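Everything on this sheet refers to the single structure shown next.
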Amino acid sequence: MIIVLKGTATDDELYEIVEAVKEYGYSAEVVKGESKTIIGAVGDQKEKQQHMNLIGQLPGVEAVVPILQAHKLGSREFKHDDSSFPVGNTIVGGDKLTLIAGPCSVESEEQIIEIAKTVKASGATILRGGAFKPRTSPYTFQGMGVEGLKLLRKAGDLVDLPIVTEVLDLKNLDIISEYADMIQIGARNCQNYALLKAVGKTKKPVLLKRGMSTSIYEFLLCAEYLLAEGNMSVALCERGIRTFETATRNTFDINAIPVLKERTHLPVIADPAHGTGYWQYVSPIAYAAIAAGADGLAIEVHNKPEVALSDGGQSLKPKKFQAMVGKARIIAKAIGKEL
Amino acid sequence: MIIVLKGTATDDELYEIVEAVKEYGYSAEVVKGESKTIIGAVGDQKEKQQHMNLIGQLPGVEAVVPILQAHKLGSREFKHDDSSFPVGNTIVGGDKLTLIAGPCSVESEEQIIEIAKTVKASGATILRGGAFKPRTSPYTFQGMGVEGLKLLRKAGDLVDLPIVTEVLDLKNLDIISEYADMIQIGARNCQNYALLKAVGKTKKPVLLKRGMSTSIYEFLLCAEYLLAEGNMSVALCERGIRTFETATRNTFDINAIPVLKERTHLPVIADPAHGTGYWQYVSPIAYAAIAAGADGLAIEVHNKPEVALSDGGQSLKPKKFQAMVGKARIIAKAIGKEL
Amino acid sequence: MIIVLKGTATDDELYEIVEAVKEYGYSAEVVKGESKTIIGAVGDQKEKQQHMNLIGQLPGVEAVVPILQAHKLGSREFKHDDSSFPVGNTIVGGDKLTLIAGPCSVESEEQIIEIAKTVKASGATILRGGAFKPRTSPYTFQGMGVEGLKLLRKAGDLVDLPIVTEVLDLKNLDIISEYADMIQIGARNCQNYALLKAVGKTKKPVLLKRGMSTSIYEFLLCAEYLLAEGNMSVALCERGIRTFETATRNTFDINAIPVLKERTHLPVIADPAHGTGYWQYVSPIAYAAIAAGADGLAIEVHNKPEVALSDGGQSLKPKKFQAMVGKARIIAKAIGKEL
Amino acid sequence: MIIVLKGTATDDELYEIVEAVKEYGYSAEVVKGESKTIIGAVGDQKEKQQHMNLIGQLPGVEAVVPILQAHKLGSREFKHDDSSFPVGNTIVGGDKLTLIAGPCSVESEEQIIEIAKTVKASGATILRGGAFKPRTSPYTFQGMGVEGLKLLRKAGDLVDLPIVTEVLDLKNLDIISEYADMIQIGARNCQNYALLKAVGKTKKPVLLKRGMSTSIYEFLLCAEYLLAEGNMSVALCERGIRTFETATRNTFDINAIPVLKERTHLPVIADPAHGTGYWQYVSPIAYAAIAAGADGLAIEVHNKPEVALSDGGQSLKPKKFQAMVGKARIIAKAIGKEL
């Protein structure tokens, strides 16, 4: 870390700061300038974040600036090459793009089986579907629960696709771990650290969605909660951030794709449905995400979006989905990947 | 709801939309204009949100606009007068301001007892302290857990103050309910609906902190999850939102205070420490919050912020806290309240 | 517009509101529901925005909701098909993508001519370069001024490329109109209405950059200022918006591309350099923008970015630019366009 | 500045960086740590910002971190004590709060004179009124222009109040300088550097409004454009920033008040009307601003807001204004100031 002193800092204050820095286990080099003095403190203490906070409060300190990224196991410095891991009969990460597709919510056996067949036929590699749903209002449909989970499993088995579904709380984690091939942690739970730790312990593959106001720096630390439990099968999912723009439900942060690919070896999946909120923008943003370097897509598909119990407005119909996959395939090929 | 048709909508589409509206149980009044046609649909169906989504996808529909606020039990229409409720030996809500104070984290018996005495002496009405801590990095201090909870209880009993502490997950809810007088739901869990429902069921008083990207509209719906379980002892806490500004850790949304006071009967508490992130701005923002109409303050106080294990940089020392309370008291009086 | 009445509105208030609506020249249809009454007011008065404000203040009114988009000449309703227009010897808009390239600032004759040759060779269709620079700090390089403008013209003529440069104020508009083929209005001036009107009057092609906190709705109204002066040669440029994310300088709003293409017939250009702020992210975001449907790119190219007098950190070197164009060409082809 | 090297930086790269740093005129101290090397570079070159950009692009450099604030003349380091300056017969800055009041737009002689009398009677110290109006849509009222300016002057003279009005462009600057006592630079022009320089040259007192996405750091640099021209009579005006929250038109950044008071000696004025967008929130936010340490208020007052040609919805009626001033006076007194 770098400690910048106030212009008014006294020699005594400087001395005290240097002593504190050393006591915490860092080397301390003092650089005196005409108008400012700075101290370079180098070391790799585990409690560095906390030490920075504490030093920041000493008299005479103007600012403390970190010089190492806070995430470790997920960093390119820890592992240089792209990660990939199996989810059922497919691989997430690598040159073959992942295509997660299915309805927002499982609504009935008939619905999930029909959609499973259709997305499989169009090239999906993982079947998605919500059984437990986080909803903004307590007065709307909250998901079919365990029954929905079992139907999703049945549909996945029928069409030979692994399944991913969201976990909302510790209570249902065991049963979801039993039935699902991959566990999704939703945007609202991205910084629910208790849940992250518990999911990390399951060692099941995880699809971690970015919170709508989670910075990339924090997102990588959320993933670190999973990795620190020994679970290295983590895919990061960009799904839009909250900004002032109201023409779309969220602002899909396309920049996050190259930034994440630079900073971490973990696969990056794009969710253009939540990233825009309207079905007519899903395909263009899906193409954009692939062009920017995403390792896969998560797409909401519904056979009858106009009667969907949730998120119908951002779901593609099977025909639109098929068309989207066709075009996405060409773009993937253009940048040397395969869908 | 109001349904706006596209300029290109055909009579057949209009007919289909009207039929759908009626089928969902609403009255439908068609208003034809020169360039646009609109339909007024009135009714109070429970699944209105979902119906709006579905109608929004019908051919010919440009937009669907809600005309009723989505929250019910928390609204001024449901209950006109300000709510108040007891927390231990004090009342939250009403003309006497609530003053929640204490350290970010309980760190030791000595620490929490010393701080409890000092904040009590300065006029605090509720003692706060974190036992289970949500931290951005998995590599930093995560709280003392149950032991911390028991120490907080001991300190509260010693100085005769009720206590509030944060719950992170369902696992620890029972023990926190047993020991604490008020349960805090933190900003990161504001939209953790599973937790909201469970806390609602306990019927314990709740301090619900606004998420850092939770809109006021959504915040009221989060409270609704608690109220809908029959728990009416809910205080809302504004603690800053995430914006582009980096001079402060968050942007304290002072506007939220009069907006919330207008829309809900629930008490509104201000947390200027998280709302700014720096101790030197805590007092001015505390004064501002009272002047804007807040029903109370939540303040981080630490006897030795420079060695605090968390949030030291935004904690007040006991003397500064005492001075702050003194000035806040004068401002409260100026607007006809008492601290 | 739709007028929603308060639950407490009296019949007298309703009557007064209906009278006011009619007086302003609109038809008024009253829709009474169980809990709310709404009024549909249809008409196309020029001062509609103002009327809405005024009606919104009448006793008994809860909200006034617009039902027509505020922009007219730029809308797809006004002109259904994509617009295109000539800039020098090239066409902006249509199936052939526009490729604007050049340095952030013109720095010397040698520099601009060298870069002009190199971007021309790689396929650029318009040469860019700043002569008058808006800078955050008054203590940094402010551009070469008129001399820079003349050098840019000379370089453009030499390689047979039309030129675009930014206008900062009315003072230099005449000379810029004389020398440049296309006038750029920068992000900081996007809502500088005096400048918009004056540039509109010149009838020169315009590259209008989105302000960093300008919503899409407002952006279209900014363009409307130009169109309303009779200048229909306007290209819109997405260049990133300001959000909480600090890993990049701005957040490139990829969603804006399909949204703008849906709402307006004007061409949409993407500026990935400002949209990210770092050269290593420029190429992926350029590919993404084309995949999402942009009509062109604006790219900063510098032969020696490490000594550039401005924005060096987000400029591509000629070789990187050439490689980017090659790959962008393949993606353009994949979606049926040509670069 | 502090230069952080990549973990992979070679000794040759380190050498080149140190050479570059020295060449630009800074001292260079190298601090080698186990995992990272940093260089402390100290000096006060005028082109420091640019040097930082250039060094940031050298091979081996991970980041360049500034250690001095970029603004100079406006900083507390340049001038420790609060500034104040005369505007007509009043003083802006100091213990007596400034109270700017008047309509959004001058609409007629009768209107402005009536409002001038009423705000003077309630304690206003400066009369405001817009003659040239920046409007989002080209189809709405754009102000009375020069005629409005003359009416404002007449009204100010009649009630013996200095006047402030907004300048939109260079074209009208001369006539505004002639008639007005203080020149307002609006939020949309906050980073219009050409205008800032020109207004700085007039040496007239300036009310500089913060742009809706201007950071505090940038806001101080905008002021610096005025100060660098030798104009030290500058008051900064916080008027709300753009965030995701839509319950209010903008989010009034109350934090900005103590932050600005800490970093600059210039007076800070609060504009709660634009900061909220709704008249019913104006008074609470005005109280909050005073409590937080603002040096004054700018309030929109209209005798008939329901027929105002602009911003009627956020204007106070004379009686409400009078009541607001009364309560604000008590709060000011509570914190040792006078209104």
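Lettered A, B, C and D in written order, each chain numbered from 1.
By our rule, contacts are C-beta pairs under 8 Å (C-beta built on N, C-alpha and C of every residue); 3 or more make two chains touch, one makes a residue touch a chain.
The model shown is predicted, which means the values in this text are computed figures rather than measured ones.
Peer 1: Chains in contact with chain B and with chain C: which ones?
Peer 2: Intersection of chain B and chain C contact lists gives A, D.
Peer 1: Work out the mean Cα position per chain and let me know which chain is farthest from chain D.
Peer 2: Of all chains, A has its centre farthest from that of chain D.
Peer 1: If I list every residue number at the interface of chain C and chain D, are over half of them used by both copies, so same, or under half, so different?
Peer 2: Mostly the same residues form this interface, as more than half of the numbers used are common to both chains.
Peer 1: Go ahead and note the Å separation of the Cα centroids belonging to chain A and chain C.
Peer 2: 31
Peer 1: CA centre of chain A versus CA centre of chain B: separation in Å?
Peer 2: Averaging C-alpha atoms per chain gives centres 26 Å apart.
Peer 1: Can you tell me which residues of chain D touch two or more of the remaining chains?
Peer 2: Residues 213, 242-244, 246.
Peer 1: What part of chain D is in contact with chain B in the complex they form?
Peer 2: 213, 215-217, 241, 243-248, 251-259, 262, 275-276, 280-281, 284-285, 287-293, 327, 330-331, 333-335
Peer 1: Along chain A, where are the residues that touch chain B in the complex?
Peer 2: Per the touch definition, chain A meets chain B at residues 46-50, 53-54, 56-58, 70, 72, 134-141, 168-171, 188-189, 191-195, 197, 211-213, 218, 221, 224-225, 228, 242, 305-313.
Peer 1: Which residues of chain A touch chain D in the complex?
Peer 2: Against chain D, the touching part of chain A is residues 2, 4, 7, 27, 29, 31-36, 38, 40, 42-44, 63, 65, 67-68, 77, 242-244, 246.
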